[in-house]
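Take this structure, written in structure tokens, and hold onto it; I'll ask about it next.
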């Protein structure tokens, strides 16, 4: 049996669909320059993708046909040589569209191999989120702004070739930098991208992550029932009714909390989450009423508390809130728990408001918090800045 | 003499008198795998909330099927059953007929049960149009068909449907080297089609998730007026329309404020405009240029100025030339349609 | 002494009646006796006379149901599918390409466990648009989980309709069932039929109880959520479990039918006619049984030892029983009033299934010949049957015969 390589790219559904595909295709075509054979594919179960919900794309490469076939004999590789994460908030794990249950981001990564993450954060910050595992691995950061676009208009900020350069450094047996450059010259016909790839290659380093190092959170696994135990007629029990609940601090029972479905939560869908200033909130109901995910619990005090099981981080609540700076979307990287903000506010209003202030300061101005298209010409405006930030790395 | 049979309401569903009077109970909660900012999910939530627990929902294939009851989970707190893509009309009729006969035969408790079948624009304006049309003619059965319109076959990764806008980019209408505009069709006028084509229908209306209170109250009206009813909702779709999910609500408003999406109810033949549409019709509000709406969405990024002007001219025609402005496309004069070269 | 006259309506409740009716009307009457709740109609010949009869029954107050005329067969079947899901006992039907137009609905009903009873007035598939009998319409759903049965008389049609509701609505089954009636011969010709008393039917047929699958505000379920590769096999396996016990349920019901109504069908799955000491048998479904039986009697008088096996149930296919019946004959001639282009040996559907059953379950290996005959309503004549029998006898003697032959064809 010859050598078999598998690379997986974990990305934000729809927003990074084209980017992920460009990367996995680029791997196959670059490796082909050294005589290797390969295939590139998205995970069928992830399709049709939904904005924000994690998805995976793969490249399988081998020295010969038979080895490639061995790699193709499964729907997707159970073990990969490199895992690429295109949005660092995905480091909290992927609850992919295709499955139930959360998978740590290095779920399929072979021990001792490299996890590549695009981020402006440093390794310790990322390791607060990346789950610990029994086996050691390497973590390499490609410095850059998360690249988001959409279905029809693509933002080409060279992220694709930066990743190819990094992979060539992390796994030279898969493909060399020369192969990557040849691919860019011949297929992409873009000499600027050759430079970008080269720089990424030269800059790329990875640190060793020890066994047991990382986020201690226990990951939820969902089992599957036997056919005898399944209800017949393709039926399942419906969603139970929610009801009033005890306030986390005062214990007063009231308000309404819907029952939340455990089989799919939005913890890993978010790239950003709302932070709420309960002091200025006028309880107008609009955030709660207009949330497509029904993510707000109504507390006994009549405030609206984001329930992070259900919040997908769309940002409609910020746009619709009539009070200035009452709801602000902040990058998900800033948070390391999913605790109730209302509870924190009640426990200590002063501390909460201070925390709110510092957290909001860290939030990018709205034009940079783009996760998607806002106006024609936007991406052309954003690319130079994104390139500059990446080149600083 | 009225065309409309038996004008007593079937049940008492009072309109919600303001956002603070909206009930807290949810009959559509989490577990769905819809996109960030999905306004179609939002109308499902509002529809279920408006209808309440004595409801049965038939859901035809589409995003609100596949992205909701995904992989053996469900967000529905009322009984829900899948139906086929073109079966929103027939499924609602079947459910309503079953309840009616069992109550008459005394084997089921006699009470008003809300029967709601939802369909996307693909399932409603295209495949299922015949079935909905047939159902609209049946005065004996109380039901609501709600069409959530994200202007594409969204679940199959975005393709044009009968309600997709002119010129839009989808995976079946991609702009290319030779053809800039692949979709030459203008959006179907579904709600008026349902009303004008079925003279005994008591309630037809359009709603928007950007007007949530009115949307819920219109659903409640449709569920209590009797007979088959039809509601058409426009739902901005961050994935298919290609925009930052943050803008979902705003785009819904813009659609109304540009005159592209008129808001109205037709209750027993009587037409009432509401929201900004009312102000557009009586001259109190000047329609915003369609450019403001179109260029916020990646699906129109390939439009040249001539395309935008053409689009504007068609909207202007809706309001300036139609005999029932915004609603019924009958005109006094014949005028040429002159789209730019595609 | 005064005689007590019971009014006609009362008589119908307690006494068996006799009437001269078509197979279609017989089924309409069965629906009335079964207290069907929702019926949907759409015109296509030749099944639709059943819907004309039902319309009259409803208008005359003899039947209380929702009678809805749909705008196409797809909607027609979808309406009753959902009505059944909401607790209503339903009846529907179609013919030929009308049945095919409903195919999407026909496909989903077994997995959804919808016990609808449908009448198929077997009709040739377009194109061409002939409305004579051909069995391909009903046969097209044979893999999907439907139960399929063929009747050959108006009496059998009525009885089988009652049996159908009992079998389909048995909680162990809960799958749809189609009763095939050959177009024209059965749907349009009138025969003397015994109509059971309503009280007897009530004893035989309990009300439809959908249990915890009922779609109603008191039972919050979600039916048919989207699934992926993690779920489909298990879902299909549940329908498979139904097929494992289907024959047992059918036997139970026929036994109970006999007890209640006094009419004996014997083996529910197939009827044997003059097979006791036969050397060869013919095998087929539906109204071809009449010319075949007439021909068999004629040939018997001539000393030829021939018999006829008429299949009633095609799904479930009682393979081991059929094989055990057929293994004692020297040759078998299957008459297929259907086609299956490109199949093994280019044979029709029934022959292919019979051969398959014999391969696994028969102790012997007699030749099984196939005769394509009677398509599009062309008569299966007595001379045709004699010819088929002669060919089968040749095979029995050891003289190789073509595995598939077209009988009664010009050319």
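A, B and C are the chain letters, set down in written order, and residue numbers restart from 1 in every chain.
Just so we're on the same page, a contact is a pair of C-beta atoms (placed from the backbone, for glycine too) under 8 Å apart; a residue touches a chain by one contact, two chains touch by 3 or more.
Computed from a prediction, not measured in an experiment: that's the story for all the values here.
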Original post:
Taking each chain's centre as the average of its Cα atoms, which chain lies closest to the overall Cα centroid?
Top reply: B
**OP:** Going by the contact definition up top, give me the pair of chains with the most C-beta pairs touching.
**Re:** A-B
Original post:
Which chain lies the greatest distance away from chain C when centres are computed from Cα atoms alone?
Top reply: A
**OP:** Please report how many Å separate the Cα centroid of chain A from that of chain B, as a whole number.
**Re:** 33
Subject >> chain B and chain C, separation of their C-alpha mean positions in angstrom >> reply: 43
Subject >> Geometric centre distance via CA averages, chain C-chain A, whole Å >> reply: 56
Original post:
Among the residues of chain A, which are close enough to touch at least two other chains?
Top reply: 98, 236, 238-240
Subject >> Junction residues of chain C, two or more chains touched >> reply: 220-225, 227-228, 230
Original post:
At which residue positions does chain B touch at least two other chains?
Top reply: 53, 66, 70-74, 76-80
Subject >> For the chain B and chain A complex, residues of the former touching the latter >> reply: 19-20, 22, 24-39, 41-42, 45, 53, 66-67, 70-80, 154-158, 169, 209, 212, 238-240, 242-250, 295-299, 301-302
Subject >> Complex contacts: residues of chain C adjacent to chain B >> reply: 37-38, 64-66, 68, 70-72, 74-76, 78-88, 104-105, 108, 207, 215-217, 219-228, 230-231
Subject >> Of chain A, residues touching chain C in the complex >> reply: 45, 75, 98, 224-227, 230-240
Subject >> Complex contacts: residues of chain C adjacent to chain A >> reply: 111-113, 174, 212-213, 220-225, 227-230, 233-235, 237-238
Subject >> chain B-facing residues of chain A, complex >> reply: 13-14, 47-53, 97-100, 149-153, 236, 238-242, 255-256, 258-261, 263-266, 269, 284-286, 289-295, 298, 309-310, 312-316, 318-320, 329, 370-376
